[in-house]
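Input: one structure, supplied below.
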Amino acid sequence: MQHAKPLPSYLVQRYHGWKATTYAENAAWYRRLADEGQRPRAMIISCCDSRVHVTSIFGADQGEFFIHRNIANLVPPYEPDGAQHGTSATVEYAVTVLKVAHLVVLGHSRCGGVQGCLDMCSGRAPELETKESFVGRWMDILRPGYERIENVEPEDQAQALEHQAVLVSLENLMTFPFVKEAVEKKNLTLHGLWNDIGAGGLSCYQPEKGTFEPV
Amino acid sequence: MQHAKPLPSYLVQRYHGWKATTYAENAAWYRRLADEGQRPRAMIISCCDSRVHVTSIFGADQGEFFIHRNIANLVPPYEPDGAQHGTSATVEYAVTVLKVAHLVVLGHSRCGGVQGCLDMCSGRAPELETKESFVGRWMDILRPGYERIENVEPEDQAQALEHQAVLVSLENLMTFPFVKEAVEKKNLTLHGLWNDIGAGGLSCYQPEKGTFEPV
Amino acid sequence: MQHAKPLPSYLVQRYHGWKATTYAENAAWYRRLADEGQRPRAMIISCCDSRVHVTSIFGADQGEFFIHRNIANLVPPYEPDGAQHGTSATVEYAVTVLKVAHLVVLGHSRCGGVQGCLDMCSGRAPELETKESFVGRWMDILRPGYERIENVEPEDQAQALEHQAVLVSLENLMTFPFVKEAVEKKNLTLHGLWNDIGAGGLSCYQPEKGTFEPV
Amino acid sequence: MQHAKPLPSYLVQRYHGWKATTYAENAAWYRRLADEGQRPRAMIISCCDSRVHVTSIFGADQGEFFIHRNIANLVPPYEPDGAQHGTSATVEYAVTVLKVAHLVVLGHSRCGGVQGCLDMCSGRAPELETKESFVGRWMDILRPGYERIENVEPEDQAQALEHQAVLVSLENLMTFPFVKEAVEKKNLTLHGLWNDIGAGGLSCYQPEKGTFEPV
């Protein structure tokens, strides 16, 4: 691998700052976590978006959350076909090996992936429909969500589809036999959240109302 | 989606703490990030492991890093076959849409996914070899790395394979035409890191030496 | 004291979250509590175990409960010999100075201290029998309880001894002249509780039945 | 034990509220904590005072903190004489069995126990000097602290002695061989805090300055 470069200096500097402060203050705990293994209480599935930091919002410290981040916080349906399913692997590991108690899907406002899906499904982004578009094929997971919101007023469609990205993922999670079993045995609870980046808001899906309500 | 539950109270409390402090102090910046979109300088590919928080290690603030986290921080080879490739979608989005300047693969010590790969490749984990094992199929990406370390002393194999998880990913990244082009045009640099959880160490791959050296 | 370190950052962050929310919403009451002194209605004697939070179970707010927590929620007998008796001091202060109306002893399931006592009394933990074992000497308080349960079926002994930890403490409380007097003058009531951690259960000792019954 | 009474109805009602909300939302985690045992990251030694809730200040959830509460958050010196030392037993269990990473002594303003010690040491509370006074004998632990502050201005003595209650306890902790060893091996860090109840303040002892500074 000849193309690897030294770490940019701004990151080197920040690392040394962390090492001298946060790490130094918590070294005993970090060593113990390393020796005894992790026991996170919850798994969070969140977006890669640089503006959404679940570790900040929930004051997450090392050892607390098993975090998967992908484009638009999507979970595909259960498909044990022998192909590579990175997201399904994270869910399998969290539920069957780590036995987390809570699984949270965290969506957010102004999601570029969801906007791409909206453009693609409404015919405005033919480049996303090609076989070569990884983002387009990934966003196919959200097509069932688009069908439910295509009659929403245009200016409200993006947020409605962001909510659907959470709901479709929660529905797909229940197609995994080990998730379904853990939920039915009350060893696991599922939660759907949506973060308003600009307003710092957080709302939670309430099935009885069918809406996301501020926590 | 009838199975969604209210957010556990300890997370509600922590969110309100964040809202009243970190958010309140930075609301203007968060609003601007929401309105103008993200412009992250770097993408980080890291593990889901609860003990590895790149946001902590690099003092990441909102808007700075586009972060993908999966099992064992792996990137598969370029395979534009129309199937769903969640990790490839994150790379495509970061490099072609966000045009990040740096792409960092961050491995770590005591990685459960890498240990599973080691067990599987050495014949000690037949359950990971089934078609139904999402974790096993995902770790197939690292098989070429195993071949390079199978003659290493047994007690050193885990760490050697954790290093390979970084190197194989960097190699696979270069099979993506848009990554290769951005690297060759010097619009993008690639970096391989490995974090020692217990010691708080961070080392960076140096191609001229062929080793990971402390930053 | 040269060995004191700065507070770990995760606790600093949580404190600031509390200050900006819970404290800010209740500052007037906290100031008044500070100026006028506490007037708690009840004293709770509970275990140090991190899984038992009386403040959570009883929705305790500042000013409501005077709480003593030690290993296995034990109270020794009255012994005014001039030696240091930390637990007896808490009872004396609560009953004679604060004049609490209720005194609750709260035991719990899976108690490590009680298990240690069981191991020690049945000869399986000689290390707890040495003079140097603070835990062993402390658990001596519960030896009279062990004598009452040693004929119980082995699989039921741990819970039976957890119940005895509550009962022996209640009995010992009555050996304190100021407790006995307050009880007899009906200025104080005693209560024995046992919390099932996993099931979230709470049962209360009923003298007429001689058993713990769900509240 | 004939004197035990049913639980007061206000506590029954609160328990049922907790069971239906906090417990219900976290039942999977509580079951797991019960089955797998606790692994608290820190031990807190705090006062019984009803106005000081470390669980509130640090947003403590079940499983996070091993908490000992006694009069004036005091730790006696190491004294392996075979007598009952309840506080020493909690420290022994936390450090040698649970292997906590942090040990925090949390003092507070308007401490009744500290005020009693001040009165006793300055000759204004002869009733606390009797052999029969459990509070008086317990507060003897703080006499070395009084000697250091007796020349402080009278109106500042109470707070100065509250600070000493933290410092004397930290010093005494270092007389326990297992504490000293864990600190020297960097497996344990000690921290001294003082909480201003009315102002919601929190300050941390800094050995290099010799003072408590706001966190």
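Chains: A, B, C and D, in written order; residue numbering restarts at 1 for each.
Convention: a residue touches a chain if its C-beta (ideal position, glycine included) is under 8 Å from a C-beta of that chain, and two chains touch if they have at least 3 such contacts.
All values reported here derive from a predicted model rather than from experimental measurement.
Visitor: Copies chain A and chain B touch; is their interface built from the same residue numbers (over half shared) or different ones?
Guide: At the contact between chain A and chain B, which are copies of one sequence, the residues are largely the same (over half shared).
Visitor: Roughly how big is the turn, in degrees to the nearest 5, that lines up chain B with chain D by CA atoms?
Guide: 120
Visitor: Sort out for me whether C-D or B-C is joined by the greater number of C-beta contact pairs.
Guide: Counting C-beta pairs in contact, C-D comes out ahead.
Visitor: Mind checking the centre-to-centre distance between chain B and chain D? Centres are C-alpha means, answer in whole Å.
Guide: Here the centre of chain D sits 42 Å away from the centre of chain B.
Visitor: For chain C and chain D, let me know how many angstrom lie between their CA-based centres, rounded off.
Guide: That gives a centre separation of 14 Å.
Visitor: Distance between chain B and chain C based on Cα centroids, please, to the nearest Å.
Guide: The mean C-alpha positions of chain B and chain C differ by 46 Å.
Visitor: Which chain C residues reach two or more other chains?
Guide: 5-8, 13-14, 17-18, 24
Visitor: Draw the chains as points, connect those that touch, then say whether the picture is a line, ring, star, complete or other.
Guide: complete
Visitor: Residues of chain D touching chain B in their complex?
Guide: Interface residues on chain D, with respect to chain B: 21-22, 25-26, 29, 59, 61.
Visitor: So in the complex, the part of chain A that touches chain D is made up of which residues?
Guide: Chain A residues touching chain D: 25-29, 31-32, 36, 39, 41, 59, 99, 101-102, 186-189.
Visitor: Quick one: which bits of chain B touch chain A in the complex? Just the residue numbers, please.
Guide: 1-8, 11-12, 14-15, 17-19, 22-24, 27, 30-31, 33-35, 37-38, 40, 42-43, 48-53, 55-60, 62-71, 74, 76, 80-94, 97, 102, 104, 109-110, 112-113, 131-135, 137-138, 140-141, 167, 170-171, 174, 183, 189-193, 196-200, 202, 204-207, 215
Visitor: Given the complex with chain B, which residues does chain C contribute to the contact?
Guide: Those in contact with chain B are residues 13-14, 16-18, 20-21, 24.
Visitor: Mind pulling up the chain B residues that touch chain D in the complex?
Guide: These residues of chain B touch chain D: 5-10, 13-14, 17.
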